[in-house]
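Next up: some structures, all given as structure tokens.
Look at the two complexes coming up: subunit A is in both, with subunit B in one and subunit C in the other.
What follows is the complex of A and B.
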């Protein structure tokens, strides 16, 4: 039998002692010992608290207040009731939903198709096309909106000129309520979803080639391989992209203010543009805060639904 | 046989993609093309000056280019024949075409504040980018490599706010910036931008890959926390810093909603805000507007061409499992 080393017993004793001591001094001691870690975090924590944490909480508080220049009054649910009763909000919500429902599937599917096509090519062409499709995304939406406004111009615009080839009469794209929102939707669909293409390409690169080889041996066509191997394996990326573009689409703003200002009438009013108008043109801070909280909740609900739907049928 | 078929397929795909790419790049091309379009041109046989900017049908390329070469040829002919009067006329037209091609760029910088706006955008973007790189890598480093009470709580609080859309904080931030006396100053843009949290997440993920042994070795050598961070950690995190830097620069350069809310004085505008007011004031002058758009687009295009792979790294980071 091996002898038990003498040292073990007292060691265990001290361990026990440590355990007992911990609750009293441990946390503070550890905090003291790691004071430099807190110093490293300090700048971000200060900025974060001041410009994110406090404003987020404040937004919720404001949404229950009737904000006045000198002091605010508690208003209960008044702001929220106003939000849901107002015609403007309903129209903005409807427009934003239509915009999202059309543009998000189109953007994601076109990104999938385009990146599948790019992936089939050699290395050089891959990087060439990846850049070509991502380039428009790095320029500001302000610029894109300005040039599209020019292209939609009634008299001199590129669109009406091209329509002329087919003998179609000029359309006052942004100037009439029937077409203005659709003009913005078409524009969004034709701006390549550069982030999507890059993400899809990266994900495709990480799919194991052996899966395709096995399918080829079984005699599956290229299209069938794409349908039954590529698409299912890209599902996490698809989920991420759908979420990303839905959230982005709910926040659509720059195009609206640059191209139509929400008009004609309220044909292109969207939620964020409405928040902007309510808050910074009419200075109804409480109401604007309530609108933005509702926007947050809508985005949250959509995110949860998408997460569930795209996860469940795996 | 199969190889031939796949080569044909590739060609078809290549052509199709080229068509898509042309469509997607067309608006950008249109910005530059219109900005360089001739807006007044009067040749011998035409009575009134013509403008190609709002011509119908639209001109697909700057008309000054062919006209310039036409006059150049004519001037050479005239020189050969010894007709100095004709030669001088064509030389004059060539100068006129060059002047007119770049006229709107000139007036942007002379008559409008575009130079100032450009400088404002540039220095705000640089300050915020450098600030974010430092602050976020400090935070990311300790969140990844140090064990201290509250570490996870702090991280999750910070990360959970990434889900909240920025519009939620617009109104309170506006009131706060007003109370702090920062309204209509560049601090009103810089400080909230410095508080963005995406970088903390990105840098934390990058810092995980730095081996603990290196940090301990630095400690053994007697390096202080700060020195270890500055001389060991930061150099190792360079790829992450590059990706974060580019994304920060891009988002600050292009940011629009918050700047139009807090800036009132024209001399403080950033480029996107300036472009909006330019558009509001000059709805008719598309040449001028497109030149402004080009001035704002060029820096991002250059940054993109120079740092492409970091754009891709930053985009695919965390989103793609490998």
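What follows is the complex of A and C.
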């Protein structure tokens, strides 16, 4: 009897695998077979279709229309031409990009550092810090913005009060073009990235201790273990968090409307705030939809780039 | 019975006008319905007004609704309570989704409903429901504020205007005499502002400033100062931006310089903090600013929630030698209706809450001027010299341009004004930039 070399699979087995990989049943037959699973998914699917899929498709359709309350007209690419010709859009894009480029790396790196520090603690302390850092995530941005607005207040805000101790002149944080956007960026950076911390902690827990033991035997310091084991193995989590916070940063809105209204001048105008104004102040829904589609494409491009750079290679 | 007769007479009177008056946008003729035949629900949105003993700020409209429902069997009026701060946004969303109420309190030159909406038929014209005699009881400028393309698109219920509010305690502390009869020149105002800026506790820091106001899209407290030399934002036929005229540039720079060079205004002067600015004038804990311009609601607030020893003055005059102010007209509008009988019923309810008695009631309790002449003649402010003083300024009111793109024009101007008040641009450079943006919108 001929011996089968190791690592190869008998022909019959390969055929079986092929059958599993490429089922000859149609999609509907598969669905019929697993109908109970689809039944469980159905409520969410209906909600997703109603509140996400249809509005997204409708926004795309709307972007080619000159929207009127009664009887919209087809406008071709007019809205898109307006978007690219608009100086307000360019300013908003520039501000949003600056906001994203600074806040995303800061949030993700700070989440990584904070969770690494928490992970080394005991169970009780870990839970305590985990809740403390997650708290801002469940707090409404409206409330956070109001508190920060007070902290930035020129006359009786916390920051100017502290500056006063050192004899430094008060700063009109939100009132000057030079400082307003940076004030919002600082605020975003200092709000703990709760989701990031929780996810990093969960991922750290799943890294095999044997890797660290092996490294310790090889004489690697704690920092080197963190650098060469923890960080590389957290790469999929990092990728997810970078994507998540990039999308969030591109959609910055609440703090703008609550704290500066896009001003002074256009210093803190961002894309979503501009889309909001175009839609609900100027009632130009077609143009607002086109701006949204352009924002979607920008986020998509950024996501693809990040995905390619940070992809976890098996 | 009398009521039925009155309604029928109104219906008959307006019937003849119907075909010609409302040959609406698409050339369709429109029937005037019969309010008596309508049975169903009318939805009205309103914001909080003055409180009753239980602090219910909707009691006035709730009582009127009850009264109306009792007199009109089968008609149900549904009141949706909307905070004033959310009214514009909520109406915007409602219009976008075609889920508007039947009636809402809207200034059609304001932010919630635009001229575009009128052109698109979102707001119903009301000429069929108000005859000439009824219209004659309203102030002309109040009707004008709701008139577009020779049609009336609302029933005015209040007039407001801006005036200067002076904290008399601070005037006394600084030894400054308030202007006689509230009239003064810009130089006199500046002189007073200088004296009213002082260090109370001798720590080398200014505790009280003479003047402050804010700059924000949709708010016009500072604007009468820009008119003091005779300027206006657009020319008469609204084809050209004119806020870059030398007299306006000088007026803008003068007001910004109160902070930048004269140092009689705080750093927040010209910022976007509306609430903070008011608190600095009215809050007993603060009182760090002696003079601020506000709409008439602030007079009510200073007599009620923020008791202040204050006086009402006019905006100071410049080269123009006469004072100007900006005014606004509030009122009820009717949103698009499919059914003619319902339309008549909605109009009937709108008139029911806009009578002279109701406007008198509102003037006394809510701090606004009536839009009806007969309500003013009842003298609602006979015991309120501050409101009387403000009311005397109504002939100085300059209305904002009624351009369909006004909201964008306004934002383009106000964004540049903020930079002037920040000291980041001169008035001349800022208005040159505003001109570029506004001229694009006027094309």
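Here, the second predicted complex is superposed on the first by the 260 of 314 C-alpha atoms of A that agree within 3 Å, B and C clash if a C-alpha of one lies under 4 Å from a C-alpha of the other, contacts with A are read in each partner's own complex, and residues count from 1 in each chain.
The criterion applied here is as follows: a residue touches a chain if its C-beta (ideal position, glycine included) is under 8 Å from a C-beta of that chain, and two chains touch if they have at least 3 such contacts.
Treat the numbers as computed from the prediction; the structure is a model and nothing was measured.
**Q** When the two structures are laid over each other on subunit A, do subunit B and subunit C clash or fit?
**A** clash
**Q** Go through the superposed model and pick first if A:240 touches only subunit B, second if only subunit C, both, or neither.
**A** First partner only.
**Q** Once chain A of both complexes is superposed, is A:68 in touch with subunit B (first), subunit C (second), both, or neither?
**A** Touch partner of A:68: subunit C, not subunit B.
**Q** Touch check for A:155: first (subunit B), second (subunit C), both, or neither?
**A** both
**Q** Just checking: does A:58 make contact with subunit B only, subunit C only, both, or neither of them? Give me first, second, both or neither.
**A** The first partner, subunit B, only.
**Q** A:266 contacts which: subunit B (first), subunit C (second), both, neither?
**A** After superposing on A, A:266 lies in contact with subunit C but is clear of subunit B.
**Q** For A:142 in the superposed arrangement: first (subunit B), second (subunit C), both or neither?
**A** Touch partner of A:142: subunit B, not subunit C.
**Q** Who contacts more of subunit A, subunit B or subunit C?
**A** B
**Q** Identify the partner contact of A:176: answer first if only subunit B is touched, second if only subunit C is, both if each is, neither if none is.
**A** second
**Q** Going by the contact rule set out at the top, does A:280 touch subunit B (first), subunit C (second), both, or neither?
**A** both
**Q** For A:294, decide between first (touching subunit B), second (touching subunit C), both and neither.
**A** A:294: touches no partner chain.
**Q** Which one hits subunit B, of these parts of subunit C: 2-10, 20-28, 92-100 or 110-118?
**A** 92-100
**Q** Intersection of subunit A residues contacting subunit B with those contacting subunit C?
**A** 153, 155, 279-280, 285
**Q** What residues of subunit B sit close enough to touch subunit A in their complex?
**A** 9-10, 13-14, 16-17, 20-21, 23-25, 27-28, 30-31, 34, 54-58, 135-136, 138-139, 141-143, 146-149, 151, 154, 157-158, 161, 163-176, 191-192, 194-195, 197, 200, 225-226, 229, 250, 253-254, 256-257, 260-261, 271-272, 275-276, 279, 286, 289-290, 292-293, 296-297, 300-301, 303-304, 308, 311-312, 315-316, 319-322
**Q** In their complex, what parts of subunit C are in touch with subunit A?
**A** By the definition above, subunit C touches subunit A via 89, 92-93, 95-96, 98, 111, 114, 116-117, 120-122, 216-217, 266-268, 271-272, 276, 280, 288, 407-408, 415-416, 418-419, 422, 424, 437.
**Q** Mind listing the subunit A positions that touch subunit B in their complex?
**A** Those residues of subunit A that touch subunit B are 27, 30-31, 34, 36-38, 40-41, 43-45, 47-48, 50-56, 58-59, 62, 114, 117-118, 120-122, 125, 127, 129-136, 138-144, 146-151, 153, 155-158, 161, 164, 190-192, 195, 198-199, 202-203, 206, 236-237, 240, 247, 250-251, 253-254, 257-258, 272, 275-276, 279-280, 285, 288-289, 292-293, 295-296, 299-300, 303.
**Q** Which residues, counting only subunit A, touch subunit C once they are in their complex?
**A** Contacts found on subunit A: 68-70, 87, 153-155, 170, 172, 174-177, 260-261, 263-266, 279-283, 285.
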